[in-house]
Every structure is written in C-alpha cells, then in structure tokens.
Amino acid sequence: MIENDRVHYLDNLRALALLAGVLFHAALAYSPLMHNFWLTADRDKSVWVDVAAWFLHLFRMPLFFAIAGFFAARLVNQRGVGGMLNNRMARVLLPLVLFWPLVTAAIGWLAKRAASTVRNAPPLLELLRQNDLPSLPLSLAHLWFLGYLLLFYLLIWIAATAEWRVAASWTLAATPARLLGLAPLLLAPALASVSAPTPAPEGPLPQLWAVVFYGVFFFFGYALHWRPLLLSQFRPLSAALGIASLAAHTAFLWLLKVQSRHTGAHLLEAVLQAYVSVWMTVWCLQAGQAWLNARLGWLRYLSDGSYWTYLVHLPVVFAIQFQLLDWDAGWPIKWAISVLVTLTACLASYHFAVRGTALGRVLNGRPGRREGMAVTSQGRRS
Amino acid sequence: MYGQIVEQVTAKILAGDWLPGQAIPSIRQLAAGSKVSVITVKRAYLELERAGIIVTRPGKGSIVAESSDLPRQLALKDFHAGLSAMLEAADRLQMDPASVFQEVEKELLSHRGAGLAAEERGKTA
Amino acid sequence: MTFAGHDLQMIRLLVVKDWQVYQKQLAGYLAGLLLALSLIGTGRTWSFNAGGLLLLVLLVSTGFFAIGHIVVNERKESTLPFVMSLPVTALDVFIAKLIAGLLIYLVPFLVVLSTTILLVLATSLPDGLLVYAMLVYFFMFLSYCVALCVAIAVESEGWNIFIQMALMTMLSPFMIWAGSLQSIATNVRTNHIVWSPEVLSVFGGEVLVTALALAVTCWFHTRKASVLQSS
Amino acid sequence: MTTAITLAGVRKEYGGFALQDIDLELPAGQVMGLVGVNGAGKSTIFRILMGLIKPDGGQVEVCGYRMPQGQVAAKREIGYASDDMRLYKGKSLRWHMDLVRSVYLDWNEPYAAQLLKRFDLRADQAMGGLSHGQRVKALLLLSLARHPKLLLLDEPTTGLDPVARGEVLEAIAEVLGDENRSVLFSSHNTRDVEQISDYIAFLHRGRLVAVKDKESFLESWRRILCQGEWRDEIAAVPEMVSVRRNGSVIELKVRSFHPGLTARLQQLGLAISAVDRMDLEDIFVTSIAAGERQ
C-alpha cells in the first residue's frame, strides 16, 4: 500500500519536526533556564519561553528519530541492510562530514567577532571574551543527531548480522497500553542520569543515555513500519494524550522550579519527561496520520528544504541574534525576526543555490524525485 | 552390463514402443538416461547392429532396422545364441558331432511329440 | 584484472568471503565497542574506566578470534580444499588472508584508536598522553601482525595460541618500558605532544618488526610447494 | 582427440608414501573411475591434478593447461569435490551458491534450482546442520551447476545411503550426455565405477596397475571352473592370477583371457565346466590379493 509511494504524513511530520528545531534554537536566547549557557542569551527573557520551548524539546527529536527509524525500515525492506547502509552513507555521513567543519567554523568565527563587537554580551560570550579561550570545546553542535542516526543504522546492521530477532519480536508484541504505560518507565533511568531539561548530546562520543533514549524512539519507528495499523489504535486516545502531556509538563516545570537538588525529585522529573516524550511523539504520529496524510503543496516544499535548512540554521540564527543583542526590543519581536529571517535565508538559499545542484542531490536524492532526507526510491523507475 | 542395454532396447522394439525406421536415442542420451557409461551403451549398440536390429548411419545416429520380420529375426538371434551356447558346452564335454545330433533329436522328440517329429523327418527325407 | 600475476578480483572476493564468514562475530564486537564508547562518553570516572577497559579487552579478543576464525579454522574445519578448488593460486589465497586479517582487525582498531585520539585531544586528559598511547597501540597492532603472520605460516592452533599468549604477556612490560622512556615520562602528564628522536626510533622499530614479520611470511609462502600437504 | 587429463611419469613422495611413474590419460568426453584401496594414492592424484600438490617429477596437464602453473585457468574448467572438503558451517548453501556464482560466469541458476530440488536440499539452511549425505550433495551441486568441463570427484559416493547414492550417480550421469565433458572419480565402491565409467584406472600402493576401457577390461577377466588333477604347470600359465582348489574342483581366475586359453587348460588335463565373466569387485579383490602375495 505504501511500499511504492511516499508516506506523506511522515514526510510532513519530519519537515515540521526539523522546522520546530529552528523555532526551538531561536527561542533559547530568551530562555531563563539557558541564560548562562547560550551564546546569544538576550537580556530580555521570559518564563513562557521555557514553558513552550522545553515542551517542544521533549518530543521534537524523539519524533524525528521515530520517523527516521520508520524510513530506515523501509529502506531495509526495499534494498536490504547493505543497500540501506549505502544510501545512509550518502545521505547522513556525507552531510555530517561536509557540514560539521563548516558549521563549527562559522559558529566559532561568529562568536569571536561578537565577543569583540557586542556591548550587551551574555554570560557565555563574556566568558569567551575574558578568558580568550582558544576555541570552543569539540562538539557536533546541532548536527549531533546525524551521529546518532549513523550509530542506529550501524546497530541495525549489527542486529541483522547477529540475527537478533528477539528485540524485534518484543517491539512487535508491544500493545498500545504497554507502549504508553510502561515504555516511558524504561526510558526514565536514561533521562535521570542527566540534568533536566535534557542537554544536547553533542560531544564527540556517544552518550549512553542518549543512545538508549533516542534509540528506543528510533526502533519504535523501525517497528512501526511493520505494524502500519498500530497508529490508528491510538486515535481514540488523542485528546487524552494531549491533555495528559500538558499536565505532566506543567508538573515537570513546577518541580524544576521548586526542587532543591533532591534525588527523588530528579527521578520524578525524569519520569515526567519520559511520559511527555512518548505520549507527545505518539500523539504527533497519529495526528499526522489523521490530518497531514496528503501531499500539501507548501509543506511539500518545506519538506524538501527542511534538511538543508536544519543543517545550516544554527549559525544563521546566531548571526542574527548577535546583531539583535544590542537592540532594545521585546523578546517576542526579536524571536520572530530571528525565526523569519533565518527561514527566509535558508529557504531562499535552498531554492536558488541548493535545489538544482549536486548538493541538493546529496541531501534530497535524485532530481525529480525529491524524497526529503530519509527516503529515496532509486529502485523504482517511472 | 551391456547385456541389460541390449535387452532393454530389444524389449522396446518388440513392444512396439520404437517402430522400424524410427530414430532411437543417441548413445550419450541413453547413457545419461540410464546412468550407464557411454562405452557400455556403445558396445550394446554395436551388438544390436551386428544382430541387424538397429542400423547406425555415421553422423546421423541409429534407427530401428526397417526389416519387416524383426520379431522373427530377434527370435532367430535368440535361437542362434542358444545353439552356440549348446555347442560350447558340447565342446567342453568333448562330444562328437554324431552324439550332438542324437541329443538334439531326442530333445526334439520329447519336446514336440513323436508324430510331429516323424512328419518333419518325412518331409526332409 | 590482474596485478603482477595476481587476480585482484579473486583476492577481493576471498577477502569479502573472510569478512562475511567472520561478520557475525565482528558485529558482536562492534556492538561491544559501541557500548564501551558510550560508557566512556558518559564521563563519570567509573564508567570511563570500565569503558576503557572494555575497549582494550574487546580489541585484544577480536584480534585473537579473527586469527582463529579466518586462518586456523580454515584448515581445522577443512574449508581450505573448498577455497583451493576456486580458480586461485596458493599465493593469492595467502595474500587474501593477509589482507582480510589486517582489515578485520583494523576496523575495531581504528575505532579504538580514533576514539583515543579524540578523547585525549578533546577532553581534559593531558595531550602528552597521546604519544604514549600511540606507542602502546602500535605495539598491539604489531603483536597482531606477528600473530597473524605466524598463524598463516604455521596454521597450527597450538602455535597460534602460544604466540598470541606470549605477545599478550609482553604488552605490560612494554607499557612499563615505554612509560619509562625519558621524553614520555616527562611529557605524559603535560599538554605537550613531543615526538622525540627516542620515541620515533621506537616507532621505527615497531614498523620494522611488522614489516619483517610480513616479509618473512611472504618469503616462507612463496617457497611452499604444496597447499594441502598433510592429508 | 583432445585429452582432459594427461599425467606422464608423475612421481610424488612424502611421509612413507610414494606415488610412482603415473601415466594416465583421460580422453575428453569420457568417464574414468579410479579404483584403489584406502591409501593407494587416489587423493594424491586428485590434488596433483588440482595443482594443490606439486609433483616431484613428471608432467601434468589438465584441460590443456600445464599444472601447477596453469592452475588458475584450469580450475575455471574443473569442478572438484572431495571427501575431506567442507563448507562454511555458519553460512547457508545460498551463500555458498552466491560465492561460486560470483566466481564463475557459467553458473546456471535454473539448473542449480533444479538440483536443489532433486537433492532435496534447502538453500537457506546453515551448512553446520547438514548430514553427510546432504553435504556431499551440496558440494556436488556447487560443482555441477556451473557445467565444468572436467569433474574431479574424490570419493563422491562414500558413506551415502542407497537413495542418496542413486541421486548422486544420476546427477553425474547427466554429464554423460555432453561429449565435451569428462569425469574422473574415485571410489572404493566398485559397483559405482562399473556402472558409469568408460575407463578404469587401477591404483595400488602408489602405482597404476591397469588403465583400460571398462568393457575390454571386464572382458579380459574370466573365472574358470574346472575339474581334474592338480599340476603345477597350471599355476605357471602366464594369465593365471588366482587359483583355488576344493577337492577335485579347481577355480581359476585369469586375465588377458582368450579362447586359446581354454584349449591350453584342457591340454593340461582339466575338464572345464564353466567360463564366467567377472564383475569389477571380484577383479578388484582378486588382483589386490594377488599383488599382496607377490
């Protein structure tokens, strides 16, 4: 049914998840929680940014990994594990190798320039200015997700080679109730081992908690490919899931505000985050299947450009927000400007400089059949 | 072992499976089909050809001989084979021709009945 | 496609074959290596140490089992006649074995090596550790090469185990000795990466021994008259 | 006529074993059975033919290629399976088929599928779980499916049950249909050799005792049953290989039989009661026993 055609709702959801990343990263400058750790942290900040941004943060990457898992399964199904790996080398490893140095260099350069020009320097920039640090610590920045994707693709190869069918059968045997009720509890220890809200695992080495946490979503998506009817079983729960997630997130934020480094409270935070992640990911998937399962013109285009946009957006956001630091305006205006300018710049550059070029082919597959970043159908000719 | 092939082919012809003039399998086909070496089949075909049961034309394979009285020929061949076996045994017993005839006559008499034998003898006399 | 009388395509095929025969085990080792890396990445002292230890143990054992699997087993399990029935010369098979053996080891080895470099340079560990770590890693690589060569030349399980054990027991004396080298001892706890003549000559020695082992095995193999002598 | 195999004056010595002065020729399109007891040197001959062992002397030519120099080209034309050959335990037959297919251009997949079915093998089963018979059939499948010009089969039917033996012989016999393809196979089951081979080579203690086309080989041996007084001249008849006496009944086994021989025996005062052809098994045992006595 979906073998030879695009899975529209996942294409659309993936585009939205990646674009949500732009909104999220642009919002961090106005987050009180991140004020001390963010290069472009602004003087004007609001607790409402924390409320919204960290809610989004809890499920945008899980959702993305679930979708990536689904498309990995689709590739394995169409071309075998070797074919999947070959395809992923071109679509994931190559962009990582190409963009990581560029992004790192760009951010480093921007930060250095800002350190000498900006008057209202945020704490992190001030630190850079004072200590004259040689460079920022080695980090994959926002491209860490590519590293983890590669790791998960490798795990698929390992599992297929070693013929570990047990894990697959467990996933396939999961019922909706177990998935929503028990799976989050399994994820909680991973989240409990890091600070809340969860940091980006951007270091050069894989972080165990992130491997487990995002890996579970990835393999959930992988299993979803073989259980196409699973999502519709969640539909009756749609409203309940949304409300429960919001409630859990509120509880989480309240705990975060009142807790005093208490281990029990930290554990509870982890549990709450895990529930919100799983529930909202499932909610998004079923909502996408219900409402976005069609070829929507504007989203279609966004979906094509979303990979490129996501890869390059962070330096652009930084470049804009460094300029905005010394401007006296409210955070909503600054945020809106940084988002709009970033999206415009990224999509325009995509349209004029990437779409028809070799780079566009690397990111989106062969011309004429742009399939977003995770899917191609080279095997099919029409 | 080639004897088996000879019998097999003769039986097919006698049963009418292979008709006079019809091509029979090539040596290699028959060898592969009956899991017997080529050389064995070759020898069997030689034997069959010598007996006039099949005809081999160089380069064209073998056919069943066109003679109208093939069954009779085959029977005759059997007869001659028996005859030569008998003579071989007679040699071993060091019988002289006269006693060989005697034995044959005796056997004929008991086999076909006395009257018939007498009639035969009258004709030849 | 031939080069100097060797059928490169066949050699490639034999290497791929060995890779596939060993693939299942290799997948297990890779999974273990990923776990070890994740443990190290977690950054706590206990997990850092556990991950580091796991990394080294996996590296040593993957080498040990790679040799057992692709060299010793080929004779023990009587798959050599099958390989030799393919259109190859004994020398092609030998070259393929050498390449496959190195390749199968180099995959986990390079993972571990690059991780170590990354760790030393990117974390608070003293950068001077890099020189020492490289010396030790190349000693492990040398040990593997020698063991591989011996296994290919002798093809006996007993000798293989003996040589590998002997080389393994030499690792810690080597680590102590290398640690006592003047330029290592003075720089290992600092952020200076110093390639002194002393260190470079040890490196040179390591490279020389590796090359010698490979050369002797090659020489030995070209003189071998029969592949399946023992029946 | 071209020859598939030519061995001329081949010698090989190792351990306590010596292969001596092997002269052997297998014309193309023929099937040759190599007969001999265990340790006679059959496997050594196969290995020399495959270029796996370099002989101490003599010349070896297989499919027109000098061995062992031409072994790569020769092995492209040879399908070789031996009793001591094993496949990779952890891998499936399909994997092995793909491996062989990637080496030889003339791999015939439909024929391979047909052989799979006939041999009752499953392609996705790991080799480790196969019985001896299945393993032999798998090896044979890998050789046969690429239509090699020359099949070298070292003990292909050893240890097989009668059904599997039948299947294997049938598959080998299919090769007989093609006049360009030759087979050399060894067996200590003389019945298999007698059934499908055109030529018989008799190997004993590293020496070729006889090489002949099967029909004249079988034709040349006779078992003669007679009665009479024993005289030492009987044993001195040059064709005599074996003599057994039981009272006045004397059983003689002779080679190079000719009609004149019976007359000669009669001259020696023997009354002949039967002259029978012998089967290969009988010839085999008789000549080995005779060889031991010398």
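A few notes on this one:
To keep things simple, chains are lettered A, B, C and D as they appear, and every chain counts its residues starting from 1.
In the analysis below, a residue touches a chain if its C-beta (ideal position, glycine included) is under 8 Å from a C-beta of that chain, and two chains touch if they have at least 3 such contacts.
Here the structure is a predicted model, which means the values were calculated and not measured.
Central chain assignment: C. Criterion: smallest distance from chain C-alpha mean to the mean of all protein C-alpha atoms.
In terms of their C-alpha centroids, the spacing between subunit A and subunit C amounts to 38 Å. Distance between subunit C and subunit D, defined via averaged C-alpha coordinates, is recorded as 46 Å.
Subunit B and subunit D, compared by their mean Cα positions, are separated by 33 Å. Work out the mean CA point of subunit A and of subunit B, and you get 92 Å between them.
Counting partner chains per residue, subunit B has no residue touching two or more of them. Within subunit C, contacts with two or more other chains are made by residues 24. With chains as nodes and touching pairs as edges, the resulting graph is an open line. Against subunit C, the residues of subunit D that register as touching in their complex are 14, 43-44, 47, 50-54, 71-73, 75-76, 78, 80-82, 84-91, 95, 99-100, 102-103, 139.
In the complex of the two chains, the subunit A residues touching subunit C come out as 137-138, 151, 154-155, 157-159, 161-163, 193, 203-209, 211.
For subunit C in complex with subunit D, the residues that touch the partner chain are 7, 10, 13, 17, 20-21, 24, 77-79, 81-82, 84-90, 92, 225-229, 231.
Taken in their complex, subunit D has these residues touching subunit B: 29-31, 169-170, 173-179, 194-199, 213-215, 218, 271-273. Interface of subunit C with subunit A (complex): residues 23-24, 26-28, 30-31, 34, 37-42, 47, 115, 118-119, 121-122.
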